[in-house]
Structure formats: C-alpha cells, structure tokens
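Both complexes shown next keep subunit A, but they swap its partner, so subunit B is in the first and subunit C is in the second.
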Partner chain A sequence: MSASAVVTLLLDPELWRLMLTMAAPLVLAGLGELVMERSGVLNVGVEGMMAVAAAVAFLTMLKTGTLLGAAAAAMAATLGLAVVLGYFAITLRSAQLTVGLCLFVFGTGLASLLYRLVIGVTTATPTVQTLPRLAVPGLAEVPFLGTVVFTQNALVYLALALVPVLAFLLVETSLGLRLRAAGENPRALDTVGVNVRALRYGAVAVGGLLIGLAGAYLPLAVTGAYSDGIVGGRGWIALMVVIFGRWQPGWALVGAILFAYTEALQFKLALVTKAVPPQVLLMLPYVVAIVVLVRLYQGAEPPRALGLPYERESRL
Partner chain B sequence: MTRVLPLLVVLVTAVLFGSPAPAVGQQQKMAMILPGPVEDGDFNALGYNALKEVGKTYKLETSHSERVAVADAERVAREYINSGYRIVAFHGGQFLTTAQKLAPQFADVSFIIETQTKQVPANVWNINRHFYEGFYPLGVLAALTTKSNRIAYIAGIRLPDFISSLNAVYTAIKETNPKAELKYAFVGDQNDPLKARQSAQAMIGEGADVIVSQLNLGVIGVTEAVKASGKPVIVTTFYTDKHTSAPAVYATSLLLDFNQAYRDVVGSILKGQRTGQYAMRPGQAMSLAPIHNIPADVGKRVEAVYRDVAAGKKVVPDILDKIVVP
Partner chain C sequence: MSGPPTRSTERLRLEAISKRFGATIALAEAGFEVRAGEIHALLGENGAGKTTLMNVLSGLYHADAGRIWLDGRPAEIAEPRDAIRHRIGMVHQHFELIPPLTALENVIIGQEGSTLLLRRERQARGVAALAARFGFEVDLRAPVAALGLADQQKVEILKAIFRGVDILILDEPTTVLTPQEADALLRTLRTMASEGLSVVFISHKIHEVLGHCDRATVMRAGRSVGTVDASATTEQALVEMMIGERVARTAAPAEREVDDTVLLRVDDVTVAGRGGLPAVSHARFSIGRGEVVGLAGVDGNGQRELVEAIVGLRRVTGGRVELGGRNVTTTAVGDRLAQGLAYIPEDRLGDGALPSMSVAENLFLGVHRLARGGGLTYRPAAIRAGAAAPVRDYAIRGTATTPLGMLSGGNIQKVLIARALAVAGHGDTPLVVAHNPTRGLDVRTTEFVRRCLVDVSRRRGGVFLVSSDLDELMQLAHRILVLFRGAIVADLPSTAFDAYEIGRLMTGAAARA
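== the complex of A and B ==
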C-alpha cells in the first residue's frame, strides 16, 4: 500500500464523519462522568446507566413515537439511578467504587428486564425511526469539515456544543469554582458556608442526565433498535475518556475522538488488508485505549477528594 | 455424622450411577441451551419457539437457559442432565465441543447440536445447517443486482458454516458476474448493531451497493447504515423475514424453519433413532422469502437458481476450512 493510499485512507471524510457520529455518546457520557468526578463522586456504573437509558429511550420511542419524550424518559431514568448513587455515596458515605459496580450490574439487568417485559418473545425485531442528519446551511458544503462536522444529527451538535459550555462553567463561573472545590477540598468549601452535599448531589444529577442522553443516543441515533449489550463497553470507555482528558472537557473530547476514530478505522482496515486477522483489528481500539491511558495516566492528577465521602464532623 | 452419612451415600450413589432416568409413563423432559436472549426477535427467538413447539407436539416438559456462554454450557447442560432431562439441545454452532465432550459421558441422554460437522457420536443428532446452499442464490442475486460491481458480505462470528456461506456467495458471484468484486467483514458479534453499522458504512463508502448480511440482530445496524447513506443499497438477510422493518432496503431473506427441524429430529429421537444428520437446506426447513426491490427478471432467475439448488441440479461446493475470497 502506497503512502498516498494510506493518507487517503486515514483522511477519508466518511471515516471521520462516522467517527464523530460514534464519538458523540462517549462525549456525552464522558462529560456527565466528568461533572460527577470534579465534584468528588466516582461513578463506575456508567455502563449500566447507559444500558437502562438505551432501553427506556427505545421503548418510549416505540410506544409514543416522540423523540423528545424518549430522550426525556431515558434521562429521567438515569437521574433516578444517579440519585441512588448520590444517596449511597454522599448521604450514607458508602464506598463509591462498590456502589458504582452495583449500579453497573443492576442497570445491565434492569435494561434487559424492561425490554423483555414490554416486547416479550417475537420473531420480528421492533425498530424505531432514528434521528435524521441535519446539514448546516452554508457550512455543510465546506470541503472535508462540512462532511465531517456539519452533516451530523442534532445530538452530535449538542454534544459538541456542551464541551465549551462545560469548560466555561467549570473555569469561569463561581459555580464551577465551587464544584471543583468540592472535588479538591470539600472541607475548605464547607468552611465558607457552601453545602458540599447539595453541590455533590447537583453534580451527580447533572451527570446522570448527561449519561442518560448518551445511552438514549445509541438506539435513537445509531441503531433504531435495542439489543442486550448495546452499550458495548462505551460506559467504561467514557471513564477512560475522563482520565485521558485529565478531567478537562476539551481533552475529554479529544479522547472520545481518538477512541471513536480507532474504532471506525478498524472496519476500513478490514476492507483494505486481509494480512491482519480481524480479531486483532477488533482489539485495536481497546489496545489504543490501554496504551494511551498507561502513558497519559503518568502525572495525571485526579481531583484530590475523588471517591472520598465527605463527613463534616470527621477530624481528617 | 450419623445423620449426614445417609445423605452422603445418596449423593455418592447419584454421582457414580448417573442421573435419574424418567420412570415408565413419566413425562419426557427436553432442555435447550441458547447463546443469546430469547427476545432478540431472531435466532434465539426461533430456537425458543421451536422448543415450545416440540414440547406441545410431543407433550414434553421443556426448559431453557439463555445467554449461555460457551464456557458455561457444560455446567448448564450437566445441571439439566442431573435433573432428569433426557434430550438436551444446543442452539448454536459454538457449542459443538461441549456436546462432543458430554455425549460419551451420558449415553442415555440424547443431544442435539446445530453445526456443519460430518461425524457425530451415537447419541447426538446434528441439525446440519447447509447455509452455503441457501447463500449461493443470494450471491446470484447480488451479482445480478449490483451496478457498481462492488458487493459486501458482513457476518459476526467466524463460524465454519459462515465461512462456507461466504465462499458460496463468492462462487455465485464469480459464476454469474465475474466483474463484480466481493469485500467481506466479520464484526465479531452477531447481535451488535453498532459494529455492524460501522462495518456497513465502511463498505458503502467503498462503493458497495449490495450487502449480503449473515448477522442476527446486528443486521438492524446494516439497515441504519443504508438509510444514513442515502444511497440505493440493497440488503439480503437470513433467519427471519425483515422486509417490513425496512421495505425499501431488503431484497429477500433466507428463512430457517427451526420448528420443522426440531419437530423432525425430536420425533426421530422419541422413536428410538438416537443419532443422525438432519440437513437444513433449501427445500427442507429452509426457504426464500418473497423478493423485493430488484428487477422482476432478476428475481425470477434467483428463484430458479434456488429451486435448482433445492433439487440438487446445482451443486454448491461446501468449503468450510478456509476463505477463498481473495
């Protein structure tokens, strides 16, 4: 394969467009997790929460045909799970890793159960209409960038727009400062009269809503159907994206793009070469994720109070 | 200890002398082990329905376990056997080695497997899925329909009977339209619409205008890729007729009638015939769904080829061990 052919392959606009389509749920879930973690709450149940959101969004869309209703129902479902997480992690001060893992297992099972209760055994797979592409007038015609960025569905635009919004909120506003302080030094925040618990609950709720939207994205924007395992590890990758991004929204976006690009590339590579076994290509995104993480984690500093329950009366 | 001893004796006896056989007149019990959820609307749902159907037909007590990984299949099967199940069916080609291991150990149990193996133990029935014979006409359809001369084949797991299907599609294309090129991909999962969609989008991006899919639920992702592309791409699928879910996309489907296959096989077992090969092929537990979205003359030719394969006039080579597509 010549060098120009490799460049053509790597810069194929369709490949990049697909990459961005598949990066959107990682961005949404990653931002949700980032908000939680910046407040000091670790949520490793993202995968399970996304599964519940995917099932609820699909079933609501199937029964009502309302896209907004489906997304809202999914977000409400994950908001409920986030409140459960908050209750255990913030109020009861339980081990956050354990609570998150329980949420993962519970969410995965609940999603499957909901689908079975509503759909049952059928030989005709129910499907719903997926989000259409929205070409941005005047920008969709721009070479390369137009195809890649400006012919996406509405949720991709929303995910991309949320990145600078969240970055601004975190860095430039007093709310962002308080949120970061809750994750770094909750005692200091408490001493100036800010309710750390309420702040953390708020962050967990916002994170839950974003994770719900990420889960809803999969059936509503990509597949038009629900299947067990639809999340396919994307919840775990969202956790990686947060670490990759060193808890910064902009870098989290880069992490999501990197993973989604590698994932999309494997299918292109499978077409142009049979020299590499398909099993190796299927591993590629995860290998990249591990290698990049190992490299980047060195020197990365998570919020100092991440995963630590805050107790006002504690002497520590 | 004296209280525990009789219990131990019973347990050891049970282990040494095997599981309890049904008494004369007692209802026969049949279990099925499925790799995925029965609400998948596809392969697993068909297996589950077949189990219920044979249970009703032969008045069997039935039970099933779903989402069983290959590593767990032996344990699950042993639990059924120890509970008195005398017919254990493995719904899926991935359970072959498990059945081959258990069959000699439980001579009084009849096993059913679904694969393309040629030899089976004395207490195993094989529903031999001649997918390749059914996929040959789909290859003809693709070869005659393509305008770009680029055809795609997408499957999930690299099972032997899927490899032979891919080879049959390639043979059909080469015999029907040698100018056409076949690209293929195994996405690693039969039920992952996300991976299937990404693979299909890559294929469509390369110019494919006909996609022969051998996926289960994953085919929904292929359909979404076609819709998203806005291009006139035709898809064929199998197991169930999915035409109504995307009327403009599907050309046809290779339908598999597991009800008939299991009815015939379990009927033979109950009559005392404990081993055999049941060919699931065009004309027997396999049929072609109505053809749509392609020219009528092409449709008629595809149906004629299908009939020739069913009648044995057209012999399709069964190449299991290697992919012959360059």
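== the complex of A and C ==
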C-alpha cells in the first residue's frame, strides 16, 4: 500500500463514524464508573453488569419490540446489581475488589443463563432491529464531521452530551463538590454534616444506570443479536478509560475514542488486508490498552479514598 | 459568637459521658463545664480520652451514656450536623481537609449557599472578609495540598467559624506550628474569646495551658480528674493530676566525655525528591561517640529522606555516608545493621514492625542475622526465649507471643527501642537513628524512651534524633541541626539553643537573610 492509501484509510469518514459508534458504550460505561469512583466506590464488575444488561435488553426487545422498554429493563437490572454492590461496599464495608470480581463472574454467568432460559439452544440466532441512525438536519451535510458525528444513533448523541454535563456537574455544582469530597476524604465530608452513605449510594445507582445503558447498547445498536462474550472486554476497557481520563469526563471521552478507533480500525483492516491474520487485528485494541495504560498509570492519582469503606467510628 | 460575653455564664456542660470501643473503655463518666468567653484547656496524656470526648461533642462518636447541656438546656447530638446546628465546631488534630480541593471549597463544602450551583466568587468574598477579620488570611484559590500546615490549620478554623460557632474545639492545635505561629494563634483565640466565643483547647503541653488558658480540666484514663483555674495552679500540680504520680524528668546530658571518634559522617549528601527537586541537598555533618545530635525542622522538609539515606533505605544521589570511617554509601541495610546502626522509624507500625506477628518475632527481626548460630532455620522456642529479657526489662505489657499490633503505641515503641538497642549493642559503631521516637506517647513512656536514648550516648554510642518536638531536642541533644527545604541551615551548640531562634530558622529565616 502506498502512503497516500494508508492516509486515506486512516482518515476514512466511515471509519471515524464507526469509531464514534463503538466509543459510545465505552463512554457510557466509563462515565458510570467514573461517577462511582469519584464517590470512592470501586466497581470492577462493569464487564459482568454490561453482560446482564445486554442479555436483558436483547430479550426484552425480542419479546416486546420496544426500544425504550428494552433499555429501561436493562438499566433496572444493572441498577439492582449496583445496589447489591453498594450494600456490600458501603453498608457492610466489604473489600470492594472482591465484591466487584464476584459481580463480574456472577453477571457473566447470569447473562448466559437468562438467554438460555428464554431462547434455549437454537441453530438460528434470533435477531432484533437495531437503533436507526438519525441524521441531524443541516449538520449532517457538513463534510467529514457531518458523516462522523451527525449521522449516528440516538445513544451516541446522548453519550456525547453526557460528557460536558457530568464535567459541569463535578466542578460547578454543590453536589459535584460533595461527590469529589466523598472520594477523597469521606470523614471530612461527614464532619461538615453531609451524609456520606447516601451520597455514595446515589453515585453507585447513577453509575449502575449508565453501565446498564452501555450494556444495552451492544445488542440494540450494534449487533442486533446476543451471544455470550458480546461485551468482549469493553467493561474492562471502560475501567481503563477512567484511569486514562484521570477521573475527568473530558479525558475519559478521549480515552474511549482512542480505544474505539483501534477497534474500528481493526474491522477496516481485516477487510483490506489479507497479510495479517484477523486474530492479530482483533488483539489490537487490547494491545493499545496495555501500552497506553502502562505509560499512563504511572503518576495517575486516583481519588484518595477509592475502594476504602467509610466507618465513622473507626479510629484510624 | 452571639450573646453577651459574660464570663461566668455556663455555655456547655458534659455530664457522665461514657464510651467503649469493643473491650476498651475510652470514657468512663467523663464531664466538664465550659463558660462563655473562656479558653478552657482539656489536658491529659495520650489515650486519656480528650479527643474521644470532643468527638462525642461534635457528633462523630455516639456516646454509650451521658448527657450534654447547652446554655442550660439538654441537647441531643447524634450526628455531626447536630453539632453544627448547635454552633459547635471542631478543628481535628489530623485536619479533616480534602487536599485536591481549594481552600475556598474546603471552607464552604456542606454550606455551599445554594443547592445547585457553586457561586465561588460570591462565597470567596464572604470567606475572605471573615478571614481578614480574625487574621486567618490564606490563598483561597490554592489547593489545600499546596498549603503549609499552618495555613491548612487556618482553613480548618475558617471552616468552623464560617458555619458560625459559639464553641470552638481545637485538638492539639500547636503541634504543627512553629513557636511564633503558635503564639499568633493563641493571641487570636484570646481576641475571639473576648468577643464571647468559648474555646476548648486540647493539649498535653502544660506551659501552653498555664500561659494562655483560663481554666483547665485534666483527664486521665477516660475520667475527668478535676478542673482548676490556670492562674491558681502550678506545672507540678497539673503533672500530678495528669499522671497520678511523680515522674523524674530526664536530665539534659550536659556533660559528655570528649571523644573525637566519628561514628557517622554525612558528607555532601544529596537525595532526589519528587518532581526533580532534591529532597535533601548537600547535607554535611558528623556524629561523634557519646553525642546526641538533634535535627529540627518543620515536618516534610526532608527529614524522612535524610534518615532513610543514612540507614540505607533510600538511594543517595550525591555525596557519601561513612560509618565508623567506612564508606557505606551503597552498602546494604543489613551490613549497616551489622556495624551497629539501628533505626527507629517514625511510622512505627508501617515501617518498623510486623503488626500481625508476635512480640518475640518482632524483637528478633533485624537481630536475626546477628544472632544466627548457623544452619538455615530459626527455632521458634529460641526466639520466644530470647524475648523474655526485653519484655521484662522494658516493661512491655504483653507476652512474647502477643501479636504486636494488639499492643498500645507506647508498648510497640518499647519493642522497637529494645530491638534498636540490641542492634546497636552488637556492632562496633553503635549509632541509633530515631525519627520522632516519642510522638504520640504518654508522659511516662516518653520519659522512658528519652532515658534509653541518653543511655546510648552515656555508653559512648551516638544518637541522631530527628524530632518535631523542639523541647525534646533542646532537652536531649548536644547539638541541633536545623533542616529547611532539604538543606541544613544551622548547626547550633547547646549554648545557642533558643526556641524562637530555632523556630525562625525552621521557617527559612536564614535562607531569606
């Protein structure tokens, strides 16, 4: 391939549009995780929660045919899982890493089970209609950007809109200030009369809803079908996106886009080149994840109370 | 600060407050009474229950029994927000601040003024006016992490008075301050008290209590022993109330056998710190036989780095360290120990001990190389037997098999001292490096630790004493070095000891001059 062909390939508007489509679940799950972590609760079960959401969303869609119902059912399911996480992490003060890992294993298994229970083992995979693309009138005609940004599905717009909203909320509102404080020094927040426990439960619930939407996105907007392993590590990448973004929504978006770009590129490369085995290309996003994170993890400062349960009367 | 400041009016009364933590009785029917407009000291040893009692008052701990009266009426304080509502504010010893947030955000959090948007500009004006009125000016836009301890304390006090307080509790407020800063704070508190504020001042420094407080309540072992007028009592009387018996003060080791043998020589040592700046730069000093050399400085000026460089835990980036004339700059810690270099780290449980292992095993640690009789294994029975003598000699409360973490801070420190002295006793160059060896200990254990260190020097060993307690340094050291931003800015003989002058040097007076 000539150099200009490579540039054309890398800057292909269709590739960039696919990138944003694939970035949306990472953004949604990443923001959900970010809200939780900012409050001091670590949730490493994102992958499992997304799997449950994907299964629930697909099955609801298949049975009822309503998109909103499917998304709502998925979000309700992950909200339930998030409350379980919250109960262990906040009320029982368990080790959050352990609870999160359990949630991952449990979620992955539960998703698979739900699908088997409803669909059974079939040769023909049932499918559902995926979310339609919505071209924004006027803006969709802008060269390059029009194709990339303004001919996406509704959830992509929602994910992109949430980034500045959350950034504003964290920095400019009282609630954001308290949320950040809960993750840094919950005792300081407690001594000024703010209910740390309620704040953390709230953050966990919001995080659970966003992660649920991210999981629902995969069958509803991308594949139109459910298969085990549909989440494919995106839950873990969402965790990395938070670290990449240094717990800032804007930078988390940049991280999500970077991972999504390599993912989209991998689809594209598989079509144009036969020289590289597709398995190697499939590996690409994960390789990028490792390389980027090894560099970035150094010096990244998580919220100081991240993963630490708060107990008022503990004498430490 | 409302109401007419009549001094004799009772503002607060705590009555028979009891509190247990598991099997430990922290408070046993403790109580006292505070008047409007007075500075009331709460005096006692560590573990006497002063902080616990005030945590009950500020709603952080829930008392098992007892009553709280405010202005003659019973008050229910179950949550921190109840205390705030009753206009009670507390400045904790270990500040309850959120380091990455700005000073302003730390002050206003929880009382942001509106539920939705933070109106920083408007809030900043109000807070700045409040700060100016009481002389607590700080850079409100700076993140708290970037402020010095004295400024962080101002933020804490602002946080309390911003909410409106009639009763301000300060837990050991002067420990992080230089003598000058402490005096300024105490003067300000006096002004505020004259306007009607009641101040509860937790301290274990008797001279502060006598010099600046109106009355003092002494606590011992969870009980209030009594309340006295500061003007009608003496230091000796307060000490007796605090500890219940007389304690012989360690005499300053004024006389010392002149001996030019150098145990430790630190020659032009530089240690890299965070962000490229050196944590220690070009440090140069030596310690002779029988000498106690003190290192003064505000915490975080490179003490830890210098000490760890000497012990071998941190890489030296320039210069050399000599132990008994031998260059040990790159020598492993174990070899330094074998020469007689012993280390008592500041963070007892973190750096100094294995909390879940037994007293005997902790005593054995570090000595294990020296005591090995050959073979690959250590016999547990021998380790336990070896602990019998130190447990007895150092009056360690516990047995050889007690997990170390179960002991109190004072007893843990005794284990570390016993071990350090054993290490020093084994080598040719006995040198004990002690970092804040008495921090957080009660009067009796403090005196014991100090006596042990003096004994090392009497037996012609050397002591490098790094301490944030100036009184301790002036009492024990033959010379005091002052560390400021990683550089040794002064080397003072005992004839030149002066708390104010050292305080000036600690805050960089020499560097500015």
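Simple rule for what comes next: the second predicted complex is superposed on the first by the 309 of 316 C-alpha atoms of A that agree within 3 Å, B and C clash if a C-alpha of one lies under 4 Å from a C-alpha of the other, contacts with A are read in each partner's own complex, and residues count from 1 in each chain.
FYI, a contact is a pair of C-beta atoms (placed from the backbone, for glycine too) under 8 Å apart; a residue touches a chain by one contact, two chains touch by 3 or more.
What you see is a predicted model, and the numbers here were worked out from it, not measured in a lab.
Visitor: Quick one: on subunit A, after the overlay, do subunit B and subunit C clash, or do they fit? Just give me the call.
Guide: fit
Visitor: Based on the superposed arrangement, let me know which partner A:R304 touches: subunit B (first), subunit C (second), both, or neither?
Guide: A:R304: touches subunit C, not subunit B.
Visitor: Name the contact category of A:A188: first (subunit B only), second (subunit C only), both, or neither.
Guide: After superposing on A, A:A188 lies in contact with subunit C but is clear of subunit B.
Visitor: May I ask you to name which of subunit B and subunit C touches more residues of subunit A?
Guide: B
Visitor: In the combined three-chain arrangement, what's the angle at subunit A toward subunit B and subunit C (CA centres, steps of 10°)?
Guide: About 130 degrees between subunit B and subunit C, seen from subunit A.
Visitor: Quick one: classify A:R178 as touching subunit B (first), subunit C (second), both or neither.
Guide: The answer is second: A:R178 touches subunit C but not subunit B.
Visitor: Is A:S2 touching the first partner subunit B, the second partner subunit C, both, or neither of them?
Guide: Once the two structures are laid over each other on A, A:S2 reaches no partner at all.
Visitor: So, does A:E313 touch the first partner subunit B, the second partner subunit C, both, or neither?
Guide: second
Visitor: With both complexes superposed on chain A, which partner does A:E263 reach: first (subunit B), second (subunit C), both or neither?
Guide: Once the two structures are laid over each other on A, A:E263 reaches subunit B alone.
Visitor: Closest pair of CA atoms, one in subunit B and one in subunit C, after superposing: how far apart in Å?
Guide: Superposed model gives a least subunit B-subunit C C-alpha distance of 33 Å.
Visitor: Would you tell me the residues on subunit A in contact with subunit B in one complex that are also in contact with subunit C in the other?
Guide: none
Visitor: Along subunit A, where are the residues that touch subunit B in the complex?
Guide: 12, 14-15, 18, 22, 112, 115-116, 119-127, 130, 133, 218, 222-225, 227-230, 232, 263-264, 267-268, 270-271, 278-279, 282
Visitor: Spell out the part of subunit B that touches subunit A in their complex, as residue ranges.
Guide: Residues 36-42, 45-46, 48-49, 67, 158, 183, 185-189, 191-195, 197-199, 201-203, 205-206, 217, 220-221, 223-224, 227-228, 240, 242, 244-246 of subunit B touch subunit A in their complex.
Visitor: So in the complex, the part of subunit C that touches subunit A is made up of which residues?
Guide: That would be residues 21, 58, 60-62, 79-81, 84, 90, 92, 96-101, 105-106, 109-112, 114-118, 159, 163 of subunit C.
Visitor: Mind pulling up the subunit A residues that touch subunit C in the complex?
Guide: It is residues 172-178, 180-181, 184-185, 187-194, 304, 312-313, 315 of subunit A that touch subunit C.
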